[in-house]
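Think of it as A, B, C, D, E, F, G and H in the order they're written, each chain with its own count starting at 1.
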Amino acid sequence: MSERPPLEPIGHLGFAQVDHAREARNGVPEVVYGEGKSAAQIAAIVARLVERHARALVTRLNASKAEEVAREQPGGHYDPRSRLMWWGRAPETLRGTVAVVCAGTSDLPVAEEAAQTLEWLGAPVARLSDVGVAGIDRLLAHREALARADVVIVVAGMEGALPSVVTGLVRNPVIAVPTSIGYGASLNGITALLGMLSGCATGMSVVNIDNGFGAAWQAARILALVERGPAEPPASFSLPT
Amino acid sequence: MSERPPLEPIGHLGFAQVDHAREARNGVPEVVYGEGKSAAQIAAIVARLVERHARALVTRLNASKAEEVAREQPGGHYDPRSRLMWWGRAPETLRGTVAVVCAGTSDLPVAEEAAQTLEWLGAPVARLSDVGVAGIDRLLAHREALARADVVIVVAGMEGALPSVVTGLVRNPVIAVPTSIGYGASLNGITALLGMLSGCATGMSVVNIDNGFGAAWQAARILALVERGPAEPPASFSLPT
Amino acid sequence: MSERPPLEPIGHLGFAQVDHAREARNGVPEVVYGEGKSAAQIAAIVARLVERHARALVTRLNASKAEEVAREQPGGHYDPRSRLMWWGRAPETLRGTVAVVCAGTSDLPVAEEAAQTLEWLGAPVARLSDVGVAGIDRLLAHREALARADVVIVVAGMEGALPSVVTGLVRNPVIAVPTSIGYGASLNGITALLGMLSGCATGMSVVNIDNGFGAAWQAARILALVERGPAEPPASFSLPT
Amino acid sequence: MSERPPLEPIGHLGFAQVDHAREARNGVPEVVYGEGKSAAQIAAIVARLVERHARALVTRLNASKAEEVAREQPGGHYDPRSRLMWWGRAPETLRGTVAVVCAGTSDLPVAEEAAQTLEWLGAPVARLSDVGVAGIDRLLAHREALARADVVIVVAGMEGALPSVVTGLVRNPVIAVPTSIGYGASLNGITALLGMLSGCATGMSVVNIDNGFGAAWQAARILALVERGPAEPPASFSLPT
Amino acid sequence: MSERPPLEPIGHLGFAQVDHAREARNGVPEVVYGEGKSAAQIAAIVARLVERHARALVTRLNASKAEEVAREQPGGHYDPRSRLMWWGRAPETLRGTVAVVCAGTSDLPVAEEAAQTLEWLGAPVARLSDVGVAGIDRLLAHREALARADVVIVVAGMEGALPSVVTGLVRNPVIAVPTSIGYGASLNGITALLGMLSGCATGMSVVNIDNGFGAAWQAARILALVERGPAEPPASFSLPT
Amino acid sequence: MSERPPLEPIGHLGFAQVDHAREARNGVPEVVYGEGKSAAQIAAIVARLVERHARALVTRLNASKAEEVAREQPGGHYDPRSRLMWWGRAPETLRGTVAVVCAGTSDLPVAEEAAQTLEWLGAPVARLSDVGVAGIDRLLAHREALARADVVIVVAGMEGALPSVVTGLVRNPVIAVPTSIGYGASLNGITALLGMLSGCATGMSVVNIDNGFGAAWQAARILALVERGPAEPPASFSLPT
Amino acid sequence: MSERPPLEPIGHLGFAQVDHAREARNGVPEVVYGEGKSAAQIAAIVARLVERHARALVTRLNASKAEEVAREQPGGHYDPRSRLMWWGRAPETLRGTVAVVCAGTSDLPVAEEAAQTLEWLGAPVARLSDVGVAGIDRLLAHREALARADVVIVVAGMEGALPSVVTGLVRNPVIAVPTSIGYGASLNGITALLGMLSGCATGMSVVNIDNGFGAAWQAARILALVERGPAEPPASFSLPT
Amino acid sequence: MSERPPLEPIGHLGFAQVDHAREARNGVPEVVYGEGKSAAQIAAIVARLVERHARALVTRLNASKAEEVAREQPGGHYDPRSRLMWWGRAPETLRGTVAVVCAGTSDLPVAEEAAQTLEWLGAPVARLSDVGVAGIDRLLAHREALARADVVIVVAGMEGALPSVVTGLVRNPVIAVPTSIGYGASLNGITALLGMLSGCATGMSVVNIDNGFGAAWQAARILALVERGPAEPPASFSLPT
């Protein structure tokens, strides 16, 4: 297989097809999902990404596999709270702020996955922790600050009530992240997830359980759009009758 | 079967064993669950209850069956919102107040089932409607009033977030009632139910979906206990080792 | 109750507390959820909203109830496909375009709920229908147009695969709306919902089943943010240690 | 951050906002949920609570983390059955008795969580163990004693039938706690939970699976209300029409 | 197709293969499941069964379809409560008694399906209704009678607690039938079903929701075995090592 | 606590109320559920049972806990396949045979729990293993032997199809035991359980997942009834109208 | 929009993009899913399909909508059992036979959907009905015939056991179709679906509940492949390492 | 037990009935399901299979048990990725190609189970890995190759969207394998499973979660049928009326 790096949109590793064209299409290079892959596979994909894009991010990586990866592919940083590992980061910083708000101290690992992903993507982050609805004054004390954030990510487990309250307080987009914190009827985060989807407040959308990474990605797409401003409208779509 | 009304603890109707001893045991006569019974069966049970206890309550009764029952057993009142029908009511009024708080106008039928059951049981009721968490200031405007209620029943559908917020604001017992209002991920009230059970606030307990009746009953048991004051402690229980 | 319109943040109707402050807080007045409310209740709330905000929107309203509402509160428009009814609309038009893409013709009612909500909110809409993944070339034919939309709403039932494909093709935020179209294993939209949440593509978030309205609201919040540009960052949030 | 202990309602620890105002609002200081927090985080929160409120309670703490916490924050007591750890306790004792009744010996850890929480809150407890419905005479032998308890907490796993039977025997409030004891169709306590919620007896409410703590809290709120007696009714609530 | 009735084990109707050999194998002719079949199909199968076996039973037949069937195949009896229709019945009566016990009046249709199936099979039935566990004395009043029944069928909806209590009171086999009576958390009978399967009492087994027919069949198999007495043991089974 | 063994129906151990009257009521002494109890608790209960009833059975006991129990309460037998431990056994042998049939070799632990429980109860057992429906001739080879068994217990995991086939081949009662063998869509035995409950064959009933013990108990109740013959019918039950 | 029929791969109807290229890609033209579309929409799509491909098939069409469609687009055939409507059919007949086997008479509508779809696709069909496992001899009587079918479609509801048995009897591919026939624990076909997926027999695959259409399509693809014979292998796929 | 190898269709091992007739009936000898069996049991079954059929395959075998089996039954090969162990293989090679396509690198173990099973069965395999829909061009690059495969197996976790896209691109049968890769809303593969069953593309069928083995078996049955060509049609099936 003779391939020339600058031309090939797909990096053929046999077990993986690295999607080098993703940066052009989506604005950011492919990210590596760390579960279910061996350290050797991860290291090989990261090597290719760093070679072509000068940065790489691996998610949901446990500490012992991270050590193995670090041995094969040095130069990365690993945070055991967020289970993220990264090499390099976004070449420039976005304008605007994403507030990462979490309901309880136990939700912090997911909040950190969101916050650190945002930082890797070049988005400014403001953190607010442990403001669950059982003591609503803790949240209300930050009412004005919340209203100034350009995007708000709200991380909550158990009944997942916080995003509805926050969404009612601000005018900017809210992205809700249910966590698997809780027991019994919380069903490993399913209850928080369903609650957020059923929420009575409008102006929020939801990502998968414990998916701080996905919420950050969505938030960064919004900030990048704000940066670029609106495009010329597409003309070709047909209309239903 | 020759039975003498004042002596018989069970009223044998063949298809039903009316539990006349329940008033002595539980403080209130048996109540008739209206679903799955014919109008004739309901009317016969009500007749027996009214004869022995001078009052009766039927729950979850639709309007057309209520009409049939009314024809066979006159003297009752039917409310199509709460789907309750009753004859007579509690001989005396309890002290204290139960606040019945509901999240949205669509939850009102369940809130009314709670409120009217309380009134039938002789408990004073204060109603507060449409104070869902998406506009939290509507609830906070009533913060002091809520804190003065002796028991608070909170009725909410969709994500069911309101009881957690209310429980954090008061020191008295809160009883949460999930409703089947919502669609999709709200799973006919299952989501609100699970959310309330997983709630981060302590000091509340939960009843079945749309069970305003059951919440009212629990609240009335509490008010009656407040009225009587604490009993002498039972001495006989054994201790684990 | 003597209330002066310009001062009162809450409109007390007894059965409803109209949240007049929502326009100031969230940028848009309160919207009326049409299920579980009587036509009389809806009409009364709409009257208050129109009086104070010169516009109103009711969702999930069936045709016969819409007729009743129209009799009590004339001047509105009702679309039986989207089940929306509205009076007036946003005073100004936002810049940018929201593409509303749907997988199959059977998903059109939900797509129309999204599109018409956007129009009521003043957001320009481009519609693309019946581009499900079983005939992927139909979607790819619109690849460039999709990439020019500022926000993409993707509506799909059954297995809900379309949002993942679309998200991989564009750099702007994608909002996925599962629909209840399908049968058997599609579980009334639960399968599409879970699939979208589990999606392998990053840069999308999800709203409730059949909730075209909610997706539109989130999209409009994004366009409004683009319009305003980023705010000054909030300074006060604390940092986790 | 210069904060003066007697004035600050929120204790800012960065990763946690300790809600010092909770004692004033709810009558009891904040309690620490032990899962998902590090021993260092728990110890820091406990230190702050003990400093301000002279007592603290941590729930769902496993034995090895408890040892770490004890090292950093001495003076506490840990019970491996209930997995509770506490420093100090309620300054005064409530009147009245809470019966903690459990269906089987395997349910004892949850029953102990309830009983010890009550003791920490200052509520007198009477324990009755292993009186499951398969040998109903064991329960009936305590019929009079049960009727004298001011609140009854009933803890049961498997099919969760005991609370319905107990509720039918007494006039005071019953709080049901499903446990995760059982296998197969018991679904880790979901079956007991749903059964208790569907119970045919009126006068009981339910808390989360294995949540002896939450049941105790609700019971203590009731005893405290009995102690205070009913308040003046709130006047301001509006009435539905 | 020339077939001679006395020889053919299968009655070929094209849309149905009537299993005439079932009476020889199982002791009773095939029964017709009434749902999802047209009245014409049912009548044709019944005709064949009556011709060969002089009796037939159809289950889960609604009233309007029953009328159609009656027109095509006269001589049957239809009971709208049990939704059973039958022609002829068992040629001889079994010894012993099956008690059919039901928890609430709303469960009676299922109890009647069981009782009438038993009568069609020639088994003596004793009925006991409305003895749910919320008023446990109603059941205990029949304690001795229950202990004399050779088989006990217990029919209950909601939390389905009755079978556990009954099983603890008797030494003979108990067959539990969950019903779909209840709402919300009762999940159309799933909760009662799971509860009965998780029951703490030993000596009972369970059939499908609302399946009074199946419980009766199992009970009749037991009575028939009692009638015949034990067989010579089968010698040929292999033993695990 | 002064208690005289021959008179006391309940053995008060504090953490357990040993139900000594169960032998009189149900024919067999109480059995100890081994999960969730400490070895010390189990040993104490067993000691009491052996003292009064000269036999005891513990279910669901893992090997390490069994060793501890054996140290405190010698004289028992433990089988790691069935996870049963017993002291003594039934004083006399029942007539008749229970066939324990299992679908696959992987289901053997559950089948052995059934078979050994039967042996402890004094019931003769015939074992037939690995006759799953994918090779139906293996089952049909034993068709006559199966028809001679007085009760058939059928143990199967995965899709749980075997009990329906067996029930169609015999006239005696069949008790179906779903197992947790399988993966993915078998949902830890839930699929086999639901399948058996939905079975098209009549004459079988079902017990909990992996509950070989419960099936054995039901089978032994049937054999004991066959031994005793039918009782005089109970006269007192009322009839529905 | 100026489009020339012979060249355009997509038929733009605004509300639908008719995928004319599907016949070239998949061998058969697009089929219309009848649910959730108006009669006018269906008729318009059918018109386009008939114009280009000289045939069309609509699935899951109820009788009243079929009448409307017939009025706008004459020349079709509608079968109320299968709810299929079609115009024209496959130009040539495939070799080989598909056996469509169904477990009970109530499953016939789904079996007919499969059989008639096959006929529309040009595949020879052999039908075998009502051979459920409760009377296994009915199936075994057709053992040789089944083994001669080139593909076997097995349709079954309730516990869905038939496909496992059939798969064990033949060497050709088996496609299993669960149906929604049954009640209670059959969960509208979910139980049969999960059972078939968990099946112990190898050599079968599964389609959606009630999806006779999909099974037929898969069977026809197999027959068409048999007709064509194997292709030259694709050379380009990469190998994992 | 005196049994002669060449004549006996069933190999009686006591704990297992080895189905030697399966090769004649189904074309391939029985395969051993490795979970829930001891190494000794597996080795004994394999010994019998190798003796009679000169090959054997064990599935879902973990590495440590594989070592034990290897010690008792040498000559096999074990692959820790696929968890398959085999002795010998198919005596001849089938014509045609099965493409095994997987969505992500994390899905490779399931894809390898499919590929290696196919190789053991004598079917030629082409592998294509990491072509998930988030980068659709990676799949489209192989469009022509896919269309030339005689059967396509598509392995995907998370939302499971890939099979729908592939099915729309080819005319040959597609078999979809959901995997348990993912977290939160992916529900251990249930979401991918339900999504594939609900798929909008026609021409595919589905096997159990992680069941690469089953998909391979179905594919090999299809190739073997292609090899043999269609049989003479069975004449005897009856027709529904």
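Keep this in mind: a contact is a pair of C-beta atoms (placed from the backbone, for glycine too) under 8 Å apart; a residue touches a chain by one contact, two chains touch by 3 or more.
In UniProt terms, the chains line up like this: A, B, C, D, E, F, G, H = Nickel pincer cofactor biosynthesis protein LarB.
As the structure is a computational prediction, the values presented were derived from the model and not from experiment.
Contact with both chain C and chain D is made by A, B. In terms of residue-numbered contacts, D-E and C-H present the same interface, as over half of their contact pairs agree; the other options in G-H, B-E or C-H do not.
Superposing chain B on chain E by their CA atoms means rotating through 90 degrees, a value rounded to the nearest 5. Chain A and chain F have centres, each the mean of its CA atoms, that are 51 Å apart.
Mean C-alpha position of chain B lies 23 Å from that of chain D. Chain centres here are Cα averages; for chain A and chain H they lie 36 Å apart.
Chain C has residues 14-15, 17, 22, 33, 104, 108, 129, 134-135, 168-169, 184-186, 190, 193, 197-198, 200, 202, 208-209, 238-240 in contact with two or more other chains. Residue ranges of chain F in contact with chain G, taken from their complex: 103-104, 132-136, 140, 158-161, 164-165, 167-169, 182, 184-187, 190-202.
Those residues of chain C whose C-beta lies close enough to touch chain G in the complex are 104-109, 129-131, 134-135, 137-138, 141, 181, 183-186.
Those residues of chain D that touch chain B in the shared complex are 22, 25-27, 31, 33, 95-97, 99, 108, 111-112, 124, 126-129, 142, 144-151, 168-173, 175, 193, 197-198, 200, 202-209, 213-215, 217-218, 221-226, 229-240. In the complex of the two chains, the chain F residues touching chain D come out as 9-10, 14-17, 19, 21-22, 30, 33, 35-37, 41, 45, 60, 178, 180, 188-190, 193, 208-211.
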